[in-house]
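Both complexes below contain chain A, partnered by chain B and then by chain C.
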Partner chain A sequence: MKEKSSIFSRFGDKQHRGRLMSFVLVIIAYIAVEVLVKTGNLGSMFSSLLVPITCYVVAAIGLNLNVGISGELNLGQAGFMSVGAFCGICVSGILAGSVTAGIPRLIIAIICGAVLAAVFGFLIGIPVLKLQGDYLAIVTLAFGQIIKSIFMNAYIGIDTDGLHFSFVESTFKLQPGGKMLLNGPMGATGTQKIANFTIGTILVIVALFVVYNLMFSRSGRAIMAARDNRIAAESVGIPISRTKMLAFVTSAALAGAAGALYGLNYSTLVPNKFDFNTSILILVYVVLGGLGNMTGTIISTVVLILLPELLRSLQDYRMLIYAVVLIVIMLVTNNEWLMTKWKSLFAGKAKGGA
Partner chain B sequence: MADNTDKSVKAPVLDVQELGIDFGGLTAVNDLNMQVYDGEIVGLIGPNGAGKTTVFNLLTKVYKPTRGKIYFDGKDTAGKSVVDINKAGIARTFQNIRLFGNLTVLDNVKTGFHNVIPYSPITAILRLPKYFSSEKEINEKAMDLLKIMELDKYADYKASNLPYGAQRRLEIARALATNPKLLLLDEPAAGMNPQETAELMDMIRFVRDHFKIAVLLIEHDMKLVMGICERITVLNYGMMLAQGTPEEIQSNPEVIKAYLGD
Partner chain C sequence: MKKMFKTSLAVAMSVCMAAALTACGGSGSASGSAPADGAAQTTESADAGAKIKIGGSGPLTGPAAVYGQAVKNAAEIAVEEVNAKGGLQFELNMQDDAHDPEKAVTAYGVLKDWGMQASLATVTSAPGAAVSPSYAEDKIFAITPSGSSTSVIFADPDNLSGAFGNVFQMCFTDPNQGTASADYISGHADLGSKVAIIYKNDDNYSKGIHDTFVAEAAAKNLAVVYEGTFDDSNAQDFTVQLGKAQEAGADILFLPIYYDPASLILTQANGMGYKPTFFGVDGMDGILGLEGFDTSLAEGVYLLTPFSADATDELTVNFVNKYKEKFGEVPNQFAADAYDCVYAIAQACEAAGVTADMSADEICAKLVEQFTSMTFSGLTGSEMTWNANGEVTKSPKAVVIQNGVYVGVEE
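Entry: the complex of A and B
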């Protein structure tokens, strides 16, 4: 057999280049933003978006692990974010007296949020990941709705007697000096804002680190093998449901961590914030960025969050243009002719450079 | 069995006894008895629809048998899962190629080492020393297998981009990575030209000698079957029609009737 390298794509090298690029991209973006903030060139609107952007990037990276790498559709990523958010807010509220410094408390809250979301993911995954097909999408969709209703009716408070919890507002009484952590449909109010952009960026890097290290390992190969061909994967001894569970739980944990950071960035947070639309929005970031493509996910998340804000001056036409841009991006990135032109452009440049 | 009295002192690696499966009212395989001994290359042939692939699916627990027993390595395999049976030492390839199309050729083989060289996801995420030593070992062994199957030059290519014959060989390499005692090959020469088939025959013999494993293969290419199989089992309508050496099978009137009709 003759070797014809031109007709085969060199796949391995591309993966490693992409991996390095996403880290570089995040660090460059961070430095650029910090410079803009320090020199006072960043408007208040944009600086208020910095932490939410990092949160959505982390949640989207997590979702891409589940949808792109593991090939299982998840329509409840916002549900896992809300678990993380309200868990993080409660943990931060409980620890407010004992851990006064913001950063350690934030880190503990993020870890707690990630762990609780992972536990929820695990419980959902036990029955669902044994099945083949789109059941995970249906169940996570339901989970997102159920968890929203639960938080809408949950009352959690802390006072000198300790922690109080109820689903009925009228029976809920706190000692004088007590503090409500969760207040039913009003959500969390009076949260101490301890999140910041640096921690957010670190969380993005940690998320990338976790996902990439998982992807390029025994477990990652198993996850992708189970996605590409279930029967063949089993035939080489890969347990399908356990493998898919690993991707799903990791994805949920990342969403939980992102949620905790998000929750601690606002003084008030209502459960309605994490509804079905938010889940779909995160899915749009992932699909537009490219399934399995983490760098693309980061870029598409940032662009799609900033775009509506940049178009604000267009008032009523804002969402119209947003929709048109979305459609154009989808058409362009799926157009083979354009993609080959684009690639040949790059190949030409590389040759010229060398 | 008269033809292998010399082997009767040695226990077979695979012992199938009165195996049968029904799909609803249809009996796909019935009353099948066959043995495969260590280091043997055994052929499983028969007209289309005779139930050959069904036998493979029964051996690898994709289907649960309705009747009969399968002993592997002296142990009853009843109740084992597809994953368990691979861990026990049966690896297979598929009639319709089933590769991990989006993975590289090298990664396809590496997946085969899943249970052979294991380490935990935590080790992977934290990049502990065990990760590096295990990955190095996996990489070396996978490259060795690719060299044996003459696929090393394709290592970095996407599996779905390989030529057809190379895809078949990659499936064998991936199956060998799981460190089997018995290799099941489902039509390994399908779609290959005569020259590729001749190379494949040498490869199968080499694999048997090098890894000291038994091979059970389904094949329609009679040149391959008669050329490398030491014993052949013929299936027809899910029933065993004949069993014996290639010479015996070629001259068996029942077999000729099944293939050519009355």
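Entry: the complex of A and C
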């Protein structure tokens, strides 16, 4: 970890190259996919994966900011996604009458989802980020569980009389034509699907922009300093909990935005979707992509989402192979000899790796 | 240096393993009746136009896999039988959705790329609700064997309106099961008079049945003395709920849940010496086949199910024997529903003169017309009909477990 900050200070232009590469990669991928879609060469299977991929990429970039750059383990990224998702669905449902165009409504929903998730992140961060140690991991783990239970028991409906809300039991009766936005364990059903790949790609670019600008700013250097040596950072006057809070809240907001996009891509969403496993899955994308390495995170997310689908032809052996591939990737990326060979091959490539 | 060698060895071993498994997978899919999507297009082009492509997805992996596997197995048997008769030819492709709406949408994409012309939709409800709009949009006929939630067939399940029209159900909707159970219990005073319910409140299947059961019980003046809940994270210990039910003096315990937690409830109630009448719904089906479960504990359990593997009619006996022979276990109600789905599609196709060279769109229009007008008799009921919303009308059968087998209860 120590050598990393020195890499950044010594080779100033490397970071810019790495940054540029992320954007170029995303834009090239977008153009390639759009060409395939327009020429009708992209099958239904891949088309259905486009938006979820962008969602997970955004959530993973956010998590990487928190885990890789800030060095705080977060086990509740799916919880923030679910806050964003259900907030986005509710906002979209409420605005369905007034904002009929899909795109503006989607953007409003994404912003609301991001803001609400950021508020939750801020509230959690206040007590936890003042502590030293793994407390954030424990608290976010609990947060993920709690938020799931809350959405399982929340009932929100809208009809001509306005919004109705109840908890644990559905105590209200909607007017004819009313709509349940959130129906306890059944989650949201009959959501209008307004998400699309273009907005998803823009969201990825925005996420990269936000994260890179934060990383290479004064605050970003403070975040990394706090990660590498807390005492030294404190001694030069960096407010530790405030800088960590900045990374954590940004990470939560990105997860919220990703969640809103995800929620509006499916006609149904159950609270169970955003459980502990999903949080871990996003963490796996980040760890395999490389802590602090945004380009790597994007690539690993795309590969790990596509992999089980491409392995469908293996039928029953699918998940077995998937696990084996994960192990192989872990071993290969941790193999020093292979990595030095790899680095010498691409000497110019910026490596933020741990 | 030594460590590096070890790591390299591990990598090499993993790669070998992966390669070996890929080989297994390859040969397995070649002999299976559901070829892989990629292979399907090339191998099937030779006799394209001869077979009607039937898709479907279900949880073939994960905790709900037992239902997906049952549906896949039974559908395979049904397709083999239909094909063996000559005439109408089917080809089945069941994809895995791991009981996840997201994966179900991808599986739908896979099936669409494959050229599916009719479908068994999904096995479970939440994924069904995610793909039904796509079936409606792309005009592909679908009938779900066991996706029992109203959200599978209605775009607006709150008002039971906006039916998709081309998505049908072979099973009862959840509200129907709750209502039927309450009616049955209130009509049979000898079972008991005070009802306790333990349900899973993070599962829309369980919650849906519970809600309508409570509503119908209130209408029938049936006393519900205790309602206990559990969810995924605490589905191991039910002693608290059982203790409270016992305290409340409940003599009927209604369990609108799947058989896995139900088996624990039966075991733990037995341990506490609490012996109410247990009453389950179709999710209870399968409890006798559970490994490591003492089936004597299930003696006297009532359940409402449209299918009983011990029925003596020719159709059931034939199906159960074939299933046992091929897969080594007794089929459950999910399997029976899937078997009926394939036969119902076959019957409708024959009646409407559907051929494999028709587009999915054409087939859909013809099948919808047939399904809303025909009557169908199968394993899970006779004289079944469907309304324009896609809901089935058939009579649920109450069975009681005696000496380890289902015995039909006289009405």
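The rule is simple: the second predicted complex is superposed on the first by the 331 of 354 C-alpha atoms of A that agree within 3 Å, B and C clash if a C-alpha of one lies under 4 Å from a C-alpha of the other, contacts with A are read in each partner's own complex, and residues count from 1 in each chain.
Methods note: a contact is a pair of C-beta atoms (placed from the backbone, for glycine too) under 8 Å apart; a residue touches a chain by one contact, two chains touch by 3 or more.
Treat the numbers as computed from the prediction; the structure is a model and nothing was measured.
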Original post:
In the superposed arrangement, does A:Thr268 touch chain B (first), chain C (second), both or neither?
Top reply: second
**OP:** Name the contact category of A:Gly190: first (chain B only), second (chain C only), both, or neither.
**Re:** second
**OP:** Of the two partners chain B and chain C, indicate the one touching more residues belonging to chain A.
**Re:** C
Original post:
Should A:Gly237 be classified as contacting the first partner (chain B), the second (chain C), both, or neither?
Top reply: first
Original post:
Of the partners chain B and chain C, which touch A:Arg19 in the superposed model: first, second, both, neither?
Top reply: neither
**OP:** State which residues of chain A lie in both footprints, the one left by chain B and the one left by chain C.
**Re:** none
**OP:** Within their complex, state which residues of chain C touch chain A.
**Re:** 4, 7-8, 10-11, 14-15, 17-18, 21-22, 24-26, 28-29, 32, 34, 36-39, 60-61, 95-96, 100-102, 105-106, 108-110, 112-113, 126, 129-130, 132-133, 149, 151, 155-159, 162, 201-204, 207-208, 231-233
**OP:** Under the touch definition given earlier, write down the residues of chain B that touch chain A in their complex.
**Re:** 60, 62, 82-83, 86-87, 91-92, 94, 98-104, 106-108, 110-115, 117-119, 121, 124-127, 131, 134-135, 138, 150, 153-158, 161-163, 165-166, 174-175, 177-178
Original post:
Which residues of chain A touch chain B in their complex?
Top reply: 1, 3, 7-13, 209-210, 213-214, 217-222, 224-225, 227-229, 231-239, 246
Original post:
What residues on chain A touch chain C, complex-wise?
Top reply: 43-49, 52, 145, 149, 152-153, 157, 174, 176-180, 183-187, 189-190, 193, 266-273, 275, 309, 312-321, 324-325, 327-328, 331-332, 334-337
